[in-house]
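Some structures to go through are shown next.
Shared between the two complexes below is chain A, which has chain B as its partner in the first and chain C in the second.
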Partner chain A sequence: MLSSIKHYTSVTWEYLKLSILTVFEYPANMIGWLISNPLQFIVGFATIQFVVKEFGDISGWNYGQLAFLYGLAIISHALSMIFFVQGWFMGFFVIEGDFDRYMLRPMNVLYQFCFTHFNLIGITDLIPGICVFVYGCIQVGFVFNLRNIVALLAILVGATFIRGGVYIIIGSSTFWTKSVADFGGYTQEFFDKTTMYPLSMYPESVQFILTFVIPIGWVSFYPAAELMGLSKDAFMPGVAPLISLGAGAAVFAVAAVIFYMGLKRYESAGS
Partner chain B sequence: MAVIEVKNLTKEYKVNKKGKGLGGAVKNLFLREKAIVSAVKDLSFTIEKGEIVAFIGPNGAGKSTTVKMMSGILNPTKGQVLINGKDVAKKRKEVVMDLGVVFGQRTQLNWDLRLGESFELLKRIYRIPNDRYEENLRIMNDILGINEIIDIPVRQLSLGQRMRGDLVAAMLHSPSVLFLDEPTIGLDVEGKYAIRKFIKEINRVKGTTVILTTHDLGDIQELCERLIIINNGELMEDGPLREVTERIAPFKTLVVEFYDGETVEHEKAELFYHEGNIAKYRFPKADITAAQLIEELSAKKEIKDVSIEEAGIDDIIRIAYQGGNEKI
Partner chain C sequence: MNSIAAYFYVYKIRIQKSLAYHYDVYGNILMQCIIMFAAAFFWRALYAGETVVQGVEAEQMYIYTVISTAMSVFFMNDVEQRVMRSVEKGTIAVEMLKPINLYGIFFFEDLGKLTALLFQNLIPILLIGSIFIAVPKPASAMAFLLFIVSLIMAYLIHWLLAACFSMWAFVTINMTPLLQVKKHLIRLLSGSIIPLWFFPDWLASVLNCLPFVYIYQLPLDIYIGKASMENLILRLGIQAVWVVVLLVLFVVLQKIAVKKVMVQGG
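And now, the complex of A and B:
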C-alpha cells in the first residue's frame, strides 16, 4: 500500500513536470487562453451585476453574496479543468484507441486517463475565479479563520470531484455509443447555469434533482449559503462542507464503476 | 518453458445489420438484427522462451486483434492467454510489467518534449531502479545509437529515429516478451536494417522473446525461424519457415531464356510468366526434377540459359493468404 502510494506520487510529479515543460514548449498557447478564458467569466459576472442592478437581487441573494457564489463555482470549475478535462474528450480516446497505451502500463487506467496530461491551461480560469471570490468575500465580510479555510478546502475538493465524476460518467457513455462527441460545451453550460446562481431560483423539482440525484447543489450553492450564514437556503447546516466532500467521493466512485464497466467493452481501434 | 500460451482464443463482435437506404435505416431503428462477427476463431499456440516469431496474415486477418488480446488491451470472448503462466485478462498489471509493446503506427513517446523525458517517465511508471535504467540505456545506445537523438523533441525526429525511440521505450523495463506490431512500416532501408539488428541483438543478449506482425518479407526472412500465419481469424500455418515452405509451397521455379519470343508448354509445369525471351515455369518438386524439365523443354525448343528459384517467402504468403488451397 505504502509503496503503491509512493509509486503513484512519483509518477504524478513526473506527469506534472512534463505538463509544465509542455506549457513552456508552447508559451503562445498559454497566453491566448490567458486572455480569452478570464474574459469569458468577467463578462458572465458583468451580466450578474446588470441583473442585480435592475432587479435588486437574485432569489434573495445580493450582489456580494452572488460574487462569493460565482467565484467559488469558477474556482472549482478551474480545478476540474486542470485535473479532469479529459472526461470531455473521452469519446476520442475510445474511438481512436488511445486507451491501448494505458492498458499496457502497470497502473490504474482511470488514474492514467486523468493525470497523464495535467491541463495547466485551467489556471487561466483560476485567476478570474479567485478575483471574483475575493471580491465577494470582502463584500460579505467573510472571515478567513482556520475553520473556514478547512471548510473551503473540503468544499473545493468535493466540488472538483463532483464535476470530474460527472465528466467521466458522461464521457464513459461513449464506450456504449461508440460515437465521437465533445461533451464539453453542454457540460459547461449545465454546470454554469446550476452552480453560478442560487439553486433556490429554480422550481422545487429541479432543486430536488440537483440536491439528491445529481448532487450539483453541493458544488457551490449549499456550502456557500452555509459559509455566509444564509439560513433560508442553508441545508444540513454545520456539515454542508463535509457533505460536499462526501458527495464528491460518491459521484467519483460511481464514475469509476461506470468507467470500468465501459472499459470492459473497449474495442481499441483497427491498426 | 512456454512463455506464451494461447488457448482457444476467440473474439466475437456483435454488429448491427444495416438495411439499405432510408427505409432500411428506419426499420433498423425498431428491429435490430444483430450479427456476430468472429475476428479470431479458436486460436491456440505456444511460444517458447527466446523465440522470434513472425505473426503474419493479410489485412483484417485478426493479427492485431490477437496481439491486443495477448497484451491485455482486449478481453477475449472465449479462451485465454497466459504469459509466464499468468492470465493476461485477469492480471493485467502484473503481466504488463514483463511486456514491451511497440505499435509501428502510433508512438508512446511524448510528442512535444525531448525524447529523454519520455524515458524518465517510463522509469517511474515501471519503477526501474537507477542502475538498471542506466545499464539498459547504455545497451540501447550500443545497438541503436540512442544518445544522438535523446535531446531532440520527438516531433522533430524522423520516422526511423522515432521508431528507435519507441523500441528503447518498450525495452527500458527489461521485459522478457516484446510484441512488435509492424515495426518496420514506412521505414527506409537503413531504418529497417537498424530495427532488425536491434531485434536480433536483444534476442541474443537478453534472450527476449519477440513476436512481430509484419507485411515485410525481409523482416521474416532475416529474423524469424518460426512463422504463424492466420487468415480469417484462423490459424493457417505454424512452424519453422523451411517446414512451412515445404508444406504449402512444394514447388520451384525454372526461369528459361529462349532465343526468341516463342514459348513451349509442359504438362507438369505451369507457365506463369512470359515476357520477351524469358519464360518462367512453376513445377512441383514431387512430380518432376529440374533436370528432367529442362531436358524435356529443350527437346521441344532450343534453350539459351536457365536458372532455378526456390519457392520464396512471397510465394508462401501469397498461397497462405489465398486460403492455402491454390494449386500451383
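And now, the complex of A and C:
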C-alpha cells in the first residue's frame, strides 16, 4: 500500500516537472494568458461594481461580500483548470484512442487521466482570484485565524473536486456519444453564473437542484455565506465547509463510477 | 461579374456546411440560454426593490437581455480562426492565388454561416426568451427600422475589427490569448451585459470614443427606446463613420499583410 502510494506520487512528480518544462518551452503562450485571464475576471468584476453602486446590493449581498464570493469562486475555478481541464476535452481522448496508453500501464486509469496532466496556465486564473478575494476579505473584515484557514482549505479542496467531478461526468458522455465536442465553453459559463453570484437570486427550484442534485451551491455560495456570517443565506451553519468537502468526494465518486462504466464501452481509435 | 458568382458560391457552400454540422448548434443555444437566464435573474434580483433606475424599467431590462443574447448570433464570425488555421497549415498561399479577394471569401463564408445561424440559433433564442423572460417588443416601428440599420453597421464594425485582428496571424504563431482579450473586452465594454449608463461618466466617455459601444449598446438603446431621436441619429452617424474608418484601416492592413506573407513564402 505504502509503496504504491510512493509509486503514484513519484509518477505524478515526474509529469509535473514535464509540465513546468513545457511552460518554459513556450513562454510567449504563458505571457499571453497571463494578460488575458486576469483581465477577463478583473474587468468583469469591476463592471459589477457599477451596477451594485447604483442598486446598493444584489440579493442582499453588498460589494465586499460579492468580492469575497467572486474571488473564492475564481480560486477554485483556477485549481480545477490546473488539475481537471482535460475533462473538457475527453472527446478527443476517446476519438483519438488516447486511453489505449493509459489502459496498458499498470496504474489506475482515472488517476492517470487526472494526475498526469497539469495545465499550469491555470495559474494565470489564480492571480485575479486571489486579488479579488483579498479585496473582499479586507472589505468584510475576514479574520485569518486557524479555524478559518482550515475551513478555507476544506472549501477549496471540496470545490475543486466538485468542479473536476462535473467536468469528468460531462466528458464521460463522449464514451457513449463518440462525438468530439468541446464542453469548455458552456461548462465554464454555467459554473461562472452559479458560483460567482449569490445563488439566492435564482428561483427556488434552481436553488434546490444546485443544492441537492448537482451540489454547485457548495462550491462557493453556502460556505462563503457561512464564513461571512450571513445568516439569511447560510445553510447547515457550522459545518458548511465540511459539507463542501463531502460534496466534492461524493461528486467525484459518482464521476469515477460513470467514468469506468464509460471506459467499458471504449473502443479505441478506428483502425 | 464572375467574382460575384464566385462569392455567391462560397456563401451557398458555407450555408450547406452549417446545415450538415448541426450538432454544434445545440451547444450554442444551450450556452446562449445560460447567459440569457442568468442575466435575467441578475436584473430581477437588482430590480427587486426598484421600479425605474436610470430611466429604465425592469421590463425594458429583460427585453435588453433577450435582444442582446439574440444579437450575439451576429457576432460569431470565423474569420480570425480561419486565417489562423490557413497560416498554420500554409494553405493561405494557395488561397491567395485565387483570382478573387482572400477576405472576400472569408466575408461571404461568414455571411453564409450567419444565414444558417439565423434559423438555427436566432429563432430558438427569441422563442425561448419570449416564453420565459419577456416578449421583446421594440419601442416603436421606427425604432425597429433604425435598429435593423444599426445592427447591419454593427455587424460590419465587428467583422472589420475581426478581419484587422486576423492579420496578426501573419506575424505571430499563437494568437489565441489575444483573441480572448478582444472577446472579453468586447463583451464587457460594449454594453452587451451591463449597459453603459451604469458606468462611471469618465469611463463611459472614454468608451464612447471606441468602436465597441457601436456593436451592442447603440442598437440596444434604439430597440428599447432609451435615448431621444436626435441623439440616436447623431450616434448612428458616428457609427457610420466607424464603419468607414475601419474599412480604410482594413484595406491598408491587408496590403501590408499580403507583402508579409509573400516574404515568408519566398
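The criterion applied here is as follows: the second predicted complex is superposed on the first by the 270 of 271 C-alpha atoms of A that agree within 3 Å, B and C clash if a C-alpha of one lies under 4 Å from a C-alpha of the other, contacts with A are read in each partner's own complex, and residues count from 1 in each chain.
Simple rule for what comes next: a contact is a pair of C-beta atoms (placed from the backbone, for glycine too) under 8 Å apart; a residue touches a chain by one contact, two chains touch by 3 or more.
Being a predicted model, the structure only gives us computed values, none of them experimental.
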Joint occupancy of chain A by chain B and chain C, clash or fit: fit
First (chain B), second (chain C), both or neither touched by A:202: second
First (chain B), second (chain C), both or neither touched by A:39: second
Contacts of A:141 with chain B and chain C, given as first, second, both or neither: neither
Chain A residues touched - chain C or chain B, whichever exceeds: C
Touching partner for A:18 - first (chain B), second (chain C), both, neither: first
Angle at chain A between chain B and chain C, C-alpha centres, nearest 10 degrees: 90
Touched partner set for A:266, first chain B, second chain C, both or neither: first
First (chain B), second (chain C), both or neither touched by A:238: neither
Touched partner set for A:193, first chain B, second chain C, both or neither: second
Least C-alpha distance (whole Å) that remains between chain C and chain B when both complexes are overlaid: 11
Set of chain A residues, in rising order, touched by both chain B and chain C: 26
Touching residues on chain C, where the partner in the complex is chain A: 23, 27, 30-31, 34-35, 38, 41-42, 44-48, 50, 53-54, 173-178, 180-181, 184-185, 188-189, 193-194, 198-200
Parts of chain B lying in touch with chain A, wherever the complex brings them together: 13, 64, 68, 71-75, 92-94, 96-97, 99, 101, 103, 105-106, 108, 110, 112-113, 117, 120-121, 124-127, 153, 181-182
Residues of chain A defined as touching chain B within the complex: 7, 10-11, 14-15, 18, 21-22, 25-26, 99-101, 103-107, 264, 266-268, 270-271
Partner chain C, residues of chain A touching it in the complex: 26, 28-29, 32-33, 35-37, 39-40, 43-44, 47-48, 50-51, 53-55, 58-59, 179, 181, 185-186, 189-190, 193-194, 197-198, 200-203
